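Going by the order they are written in, the chains are A, B, C, D, E and F; count residues from 1 in each one.
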Amino acid sequence: MTQNRLNQNRYERGLKLFQNMVGPQGTAALEEVRQCYPDMAEFIVANGFGDIYSRPGLDLKQRELITLSSLITQGAAEQLPMHVNAALNIGLTPEELIEVVIQCTAYAGFPKALSAFNVMIGEFRNRGIELTAGRV
Amino acid sequence: MTQNRLNQNRYERGLKLFQNMVGPQGTAALEEVRQCYPDMAEFIVANGFGDIYSRPGLDLKQRELITLSSLITQGAAEQLPMHVNAALNIGLTPEELIEVVIQCTAYAGFPKALSAFNVMIGEFRNRGIELTAGRV
Amino acid sequence: MTQNRLNQNRYERGLKLFQNMVGPQGTAALEEVRQCYPDMAEFIVANGFGDIYSRPGLDLKQRELITLSSLITQGAAEQLPMHVNAALNIGLTPEELIEVVIQCTAYAGFPKALSAFNVMIGEFRNRGIELTAGRV
Amino acid sequence: MTQNRLNQNRYERGLKLFQNMVGPQGTAALEEVRQCYPDMAEFIVANGFGDIYSRPGLDLKQRELITLSSLITQGAAEQLPMHVNAALNIGLTPEELIEVVIQCTAYAGFPKALSAFNVMIGEFRNRGIELTAGRV
Amino acid sequence: MTQNRLNQNRYERGLKLFQNMVGPQGTAALEEVRQCYPDMAEFIVANGFGDIYSRPGLDLKQRELITLSSLITQGAAEQLPMHVNAALNIGLTPEELIEVVIQCTAYAGFPKALSAFNVMIGEFRNRGIELTAGRV
Amino acid sequence: MTQNRLNQNRYERGLKLFQNMVGPQGTAALEEVRQCYPDMAEFIVANGFGDIYSRPGLDLKQRELITLSSLITQGAAEQLPMHVNAALNIGLTPEELIEVVIQCTAYAGFPKALSAFNVMIGEFRNRGIELTAGRV
């Protein structure tokens, strides 16, 4: 990246992308973090979304597949709901998200996959999504 | 999946896909595993490739992005070379693979990302690949 | 394993073993998973229990010791209750389960051991088990 | 350490230090563990606090920085509250604790850092602490 | 444990057990650690072997199954050789050790299982062990 | 942080700090990364050192204690040498570094602590450091 790109508008670029991805609910959660400690919120936005998600080279759907796999693998179940919602907002289907879990059964083991599966199903219910297929 | 699909031809279907993805070098490594303990090799092929990689719902490039993210996140550097080669064989570009690493700096931390970066660069050199861009 | 064993009756063999190990409560939880996404439930049963737990070479008690140690080490506390119950159902004693935790203090560290200890104690209470000794 | 130091008074030395660090609330939690299984409580006290925290070479504040980083990195969120309280009791400031989290964003990734951040903020609220700065 | 047991003879009891389990090669490795920093060696012996392995409640074979599962799950490949040798020395068979790996494919994922498999096979070769079966 | 601080001079500030901490050897390693993929090197410098290490709130010694604990806990042995050297360069003593390892025996378990211990001892030898004490 050019030094300009590294230094300027990271926060603004990141915030716009973050809001588009996570919607009002995620934006409200970020605002709570900012109320407590502004730098923490700014790092999430500027480093995570301004620097990384906004890069070319991979599209947002690809980046969310990578993120979901990392969250499942490290057992970060409590951070999954935000990314399940972001993934659906940018156009990944519920069935694709479940396939991420099934791919992770082999690489991260059944316990982490099953915990992630339960969180995902809960988020699908919150959004009124019913999985119709499930047999592929 | 239908019970038929669950039960039949898993090994054959998996072996064919495995060979296409990893080429002669990966196939030779599998053969070494089989020499030592046939069941271990058969599980890798039947459960990993016959059951999971061959599923519809996500294409092979998407599945390798998920796999690479899981390997990086769990620090499984010694299993990366086979999947870096498989990923290149199925059409992911070297720049896309490096972007997986950069995405993982935020989610798995710099130490695991940097170790994966070093392994990837080594594999690229083995294949005579030179990254021309690197600035996006 | 023979190709026959790899391919046939995995699901049926696994389901029977699963039901014997986890009892009605675990079977109901599996049924919920199946309602959401049948393949996920079938993988758990066929790959986990049909392929692996039903193998010779180690008995079920040994396999549960290995499973409990893996769950404790990876911090998968939310998957512990099902396996605590399965372990008790197949004849491991509550004291033996606590000794798994104590062995893990040295290998996985106190934080994961203590979290697992608290989950185990909760499951023992659910089953009306009181640890009488605790001093060895 | 001398053999004497290794063998004698570990429990008494550890219990005194433990009580000073964690206060009545942490001491009550330890008592619950002891009710269930005395050896588990004695290991925590004798090995953790009698052997390790009471060593010279690093002071208690340094040891808690190391502990907090380890807990955040392994995702042991449920063990954080006791150590957040211990860290405040021995004189680390709330702002220093949040800086541990920010340092861990780079080394353990944002998901684990954000989960730890949320736990810390909850503990600060329990103690009536409001972070006044947050911009450095 | 009684306070006496907690405090006395931990090191002597642990060292004797350690030497029996790991043989001359492991004892030499411990001696190297002691040359560098005596306390580190004493902690390994007194806390690991004097306090934990020497407890009743589980026998040594069960404790090594738990240890191997923990090492595989946390990806601690470099610590496996000592415990593979200890496990063989106390009477676990090579086939049982490979079954620990196969059980871990489901719980810790294929990458960690495969890395452990490779280390185990190497240790078996060092000891002149050839796996004759491998099909169960 | 102010938006100005977030956006400007991150790279320059980070590079200067990085060079001071890691010396010529670490700087050469960074240059190799940059030759392969400039953005990776710039992220390490700008996000890791420009944004985080250069923050007030904790001094460099405290930040390295946190980093070392995180590296040990996640088993990132291959990233330890650079930080062992950085830690010594900024004034932490070899004995303090070994105490980080000993503190981590309780929180991350013996396997990760022992692997880190071996790496540290190797780095101390590279620098001609002999640990004189080791008994505390």
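Note that in this section a contact is a pair of C-beta atoms (placed from the backbone, for glycine too) under 8 Å apart; a residue touches a chain by one contact, two chains touch by 3 or more.
Keep in mind that what you see is a predicted model, and the values were worked out from it rather than measured.
Visitor: For the pairs A-F and B-F, output the one whose chains share more C-beta pairs in contact.
Guide: Counting C-beta pairs in contact, B-F comes out ahead.
Visitor: Among C-E, B-D or E-F, whose interface repeats D-F's (more than half the contact pairs identical)?
Guide: That would be C-E, since it shares over half of the contact pairs of D-F.
Visitor: Round to the nearest whole Å and give the separation of the Cα centres of chain C and chain D.
Guide: So the centre of chain C lies 30 Å away from the centre of chain D.
Visitor: CA centre of chain C versus CA centre of chain F: separation in Å?
Guide: Centre separation, chain C to chain F: 39 Å.
Visitor: In chain E, what residues contact two or more other chains?
Guide: In chain E, 1, 38-39, 43, 47-48, 70-71, 74-75, 98, 102, 105-111, 135-136 touch at least two other chains.
Visitor: What residues on chain D touch chain C, complex-wise?
Guide: Touch list, chain D to chain C: 33, 36-40, 43-44, 47-48, 70-71, 74-76, 78-79.
Visitor: Which of the residues in chain E end up touching chain B in this complex?
Guide: Checking each residue of chain E against chain B gives 75, 77, 98, 101-102, 105, 109-112, 114-115, 117, 121, 131, 134-136.
Visitor: Under the definition above, what is the set of chain B residues touching chain D in their complex?
Guide: So the residues of chain B touching chain D come out as 106-111.
Visitor: Can you tell me which positions in chain D touch chain F when the two form their complex?
Guide: It is residues 1-2, 47-48, 52, 55-58, 62-63, 65-74, 95-96, 98-100, 102-108, 135-136 of chain D that touch chain F.
Visitor: Considering only the defined contacts, which chain A positions touch chain F in the complex?
Guide: Counting only chain A, the residues touching chain F are 1, 3, 6-11, 38-39, 42-43, 46-47, 51.
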